[in-house]
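The two complexes that follow have subunit A in common; it is paired with subunit B in the first and with subunit C in the second.
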Partner chain A sequence: MIQLENVSKSFFIVKKAPGLGGSVKSLFVRNKETVEAVKKIDFTIADGEIVGLLGPNGAGKSTTIKMMTGILRCDHGRININGRDPFRERMKYTKDIGVVFGQRTQLWWELPVIESFDIIRKIYDVEMAEYNERLKLFDEMLGINQIIHKPVRNLSLGQRMLCDIAGAFLHNPRIAFLDEPTIGLDLNIKSKIRELILAMNKKFKTTIILTTHDISDIKALCERIIVIDKGSIIYDGNLSEISDLVGQNQEVGIYLENIENNQLLISAVQSEFAPDEVLDIDVREDYLNIRISNKITVSQLMGHILRNENIKDFTISEPDVEYVIRKVYAGELGNED
Partner chain B sequence: MAIKRYASIYLKLLNVNIKSKLEFAADFWISSIGLILTNLTSLFTLYFIFQHIPMLGGVSYYDTIFIFSFFTISTSLHQIFFDNIWSIWIHFIEGSFIKYCLRPIDSMFYYLTESIDPKGFSQLILGIALMAYSGANLNLNWSFINIIFLVVLLLCATSIYTSLMTIAAALGFWITDPFEVISLVNRSKDFGKYPITIFNNATKFIITFVLPLGFVGFYPSTFFVKDTINFMSLMTVPVALILFFAQRLIWKAGLNRYIPAGS
Partner chain C sequence: MGNAVKFIRLNMMIKLSRKESFIFSLFGNIIFFFLTYQLWHGIYAGDSGISSVLNFEAVILKLFLAMGLASFLNTNIEWFISRDILSGNIQKYLLIPEKFYNVKFFETIGTSICNLFSNTIPLFIFIFIKFKIELNLSFPLFLFSILISLIIIYNIDLIIGLTSFHTEAIWGISTIKTAIIAFLAGAVIPLEFLPLGFQNFLKYTPFEYIYQVPIKLLTSEANINEKMMMLLMQIICGLILTALAKIIFAHSVKKITINGG
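On to the complex of A and B.
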């Protein structure tokens, strides 16, 4: 079980004027700038959940992961994971977790991967039978047996990532923290990694916390997402309900008889509805895609539009996660009132 | 129990590191030859000096070679087993040091054992040969008790140098880029290689009390080259112990306040 209560973390950046004069001056006058990377966040994650931590670049996702993995101490608040304080009880705490920072490897750079695995086995005291069973499973799912005899430095990014993920699950951790585990990978390797994550979660009830900028990772893996923006949590809940963030919206697609008249229709819609009712209109030759918020209904919109003789056909669809998340990342948060 | 686990991890790392390093045989031989040549250059300098003067700072030729050999052995042991400390500054700059905080083993152990480099063996063998040569000419009595003292003092000397390097490295927890400090300790180590009597008083003071590199070579070797047991050579043991514990404390304090560089 993971519990974060009112957790904050700030970084101080010492600003110094350029040149030698600036360096000398900074020795005496500390001109500090504060970056509030994480601001008073709260959440609880139960055993066996898969949770996606989302948010734009610099939102504070990695900082949150670093606090949860015991690397960073939080300035305020309380973190309790598996009944321990990750920072103060690092040695005991790290026994039960597996961590991947997608940008860098945690295997022994110069050694063949299989030797890294064996060292990991010794570090965590994994039983030989269990270890062999794991390796077999990883090979079935990831096909790593052809690459584990090579030194890590000779692997491609994707091969290295497969081995790193395997390494993180080798000791059957209760929780796996995966910070951008699919960064820079091709579709094939991405899907292998997703399958492994799902299998670990299903078979061993491993709790998974992951960050990613890839919407398809989220769709494939997460039931629950936590969206962080500028250090604060702006959404914590089901993936399927994320569209609440921009005001429950729906999309109406309209096919036109006559392309020339589409401007007429657009201005008719825009004059009737306010910008927080009709969110945007996407124009593609004979097709218009209209997104509406929860302030109006589809029938209200259609009632207005159908008077227009120019319409050939129309479709109604549910909100699109990708659209919502793009909006969130662009900082255009909807109507939270 | 803990010791058994660490020993098993260490033996494994030792084994696979040496195996993987020796796969690059050319690399091994070239760097071995390089190391030997560097040492021979210093030796020739000493040889030429003694062609012109009988004593260096009141120390005879064979005594000087003995000190040199002692220093060579202790620093070779550092180089084989703990040289990874040298490159730690890269991890501080890149923020990649966090890797060593994510597993249930001591972070210093984890870092120091990551790379073990057999190329220092060539230098170690040179050091042993020089010690045998100078010892024979000095008519040293290699009694059992003397050999015990030799081993203990060598291990203390290695530990002192490794502790000094570790303290320099641990500054990286505060200043982000400890390269200059690490490199300063590394470049100054040669002060321990020669009879301390050749240096001026300020230097003597520094390499005895501030950056005690005199204990890496000169002081402990005087245990063997002087007829009477001298106080400073025995001080090597407490200095090693003090620096060992100081280094552990500084590392721990550093880890506690460490803020990895971004990303």
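On to the complex of A and C.
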């Protein structure tokens, strides 16, 4: 069980004036600025859940993960994971977790991967039989046997990430923190990593906390997502209900008989409806995608369109995850402080 | 204990994987010893009256012992700690169920063992044969004292490495440390050539306990009680620095920010 209550974390950053003069000045006078990376966040995650932490760069996701792994101490609030304070009881706590930071390796750079695995086995007290069984499973799922005798520094990014993921699950942790585990990887390797994560979760009930910018990771793995923006949680719930974040919007796809009239129709719609009624209009390959708020109905929109143009077909749908996430990343949703 | 051996072995493998650095280090030390010998040979050939302080044989013995110890004890672990702090890779050490202090110490031992075979043992064999040093009761004390020296210098290096949490650069501090230890611990010139008052002052600093105590245990005419007292003082110095380094680490880790996301 993971519980975060009212957790906050700030950093000091030194602000330097630009140019050589600024650099010289900073030798004597340092302007420190406080950045609130995480602001009073609360959530609870049950054993065996897979939860996606989403948010734009600098939103506070990695800081949250680092507090949950015990690397960083929170300034305020309380973190309780499996009955322990991750920072204060780091030594005991880290026995139960596996961590992958996509931009760094947890393995020993100069040495063959198998040497890192061997020391992981030793420091986590993994039985030899269990270790061999786990390596066999990883080879079946990830095909790592061909690469584990190479030094980490000689591996490609994808190979290295497969080994990092295997290393994180080698000791059968109760919780795995995966911070952008598929960053920069090709579709084949992404797919292998997702399959392994799902298998670990299903077979061993491993709780998975995942941050990613790849929506396909989220769709493939997470039922629940937590969206963080500017250090605060703006959504915590089912992936399927994330459209609530943008209100009861709907998307209407219009296929015109004469595609060249797209611009005329856009003008007609924009002149009839206010910007808070028709939120945006995208020109797609062979249709127009019109997003409307709950201030107008689909029938009002359709009535106006039919008075202006002949249409071949139309579709009505809820806003998709990507649209909502894109809005969050663009800073168009979330708290404003 | 099993994990200690693992980390020592791991770091020895890392050192050996950088074989070019290993070989250059060996040749660099041979050249350094040769130049030092020639320099002091030239000084004594000039007969400037310094032989009344120490004769040439004694100077070479003390310097070579100190330099041999330096080649064993200088692991530059502060550079690796600083690099890990500044790059954010320190998180790797904080995410394993082992104490950072212990892991880094085991890594230091691994590096020192490599240094031992590449530099120190060949030099000490040369010294022991050339100066006809007898392997009497003082020898085990000498070996034990070297281990305490390793703890002392590890703690000094660790404290300097940890300053990266606050300074974001340790080049200046590390360079000063290397120069000060080499000079004040007697690896550049024998301390007998320094003013007597300054020599007495140094006895109250950790520098005395890095190279001088093991060298005195091996070469001085002091009786066993005096030698045991030297060893005791060295152990106390090691304990004080260990406590200090651990306090500084506990304080620094609260300030940690992992650079680069």
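Note that in this section the second predicted complex is superposed on the first by the 295 of 337 C-alpha atoms of A that agree within 3 Å, B and C clash if a C-alpha of one lies under 4 Å from a C-alpha of the other, contacts with A are read in each partner's own complex, and residues count from 1 in each chain.
Convention: a residue touches a chain if its C-beta (ideal position, glycine included) is under 8 Å from a C-beta of that chain, and two chains touch if they have at least 3 such contacts.
What you see is a predicted model, and the numbers here were worked out from it, not measured in a lab.
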Superposed on subunit A, are subunit B and subunit C clashing or fitting side by side? clash
In the superposed arrangement, does A:Arg284 touch subunit B (first), subunit C (second), both or neither? neither
Is A:Arg307 in contact with subunit B, with subunit C, with both, or with neither (first, second, both, neither)? neither
So the subunit A residues that subunit B and subunit C both touch are 11, 62, 66, 69-73, 90-92, 94-95, 97, 99, 101, 103-104, 106, 108, 110-111, 115, 118-119, 122-124, 151
Provide the residue numbers of subunit B that touch subunit A in the complex, in ascending order. 5, 8-9, 12-13, 16-17, 20-21, 96, 98-99, 101-105, 114-115, 256, 259-260, 263
Subunit A touches which residues of subunit C in the complex? 2-3, 6-7, 10, 13-14, 17-18, 88-89, 91-92, 94-99, 254, 256-258, 260-261
Touching subunit B in the complex, subunit A uses residues 11, 62, 66, 69-73, 90-92, 94-95, 97, 99, 101, 103-104, 106, 108, 110-112, 115, 118-119, 122-125, 151
Flag every residue of subunit A that touches subunit C in the complex, lowest number first. 11, 57, 62, 66, 69-73, 90-92, 94-95, 97, 99, 101, 103-106, 108, 110-111, 115, 118-119, 122-124, 151
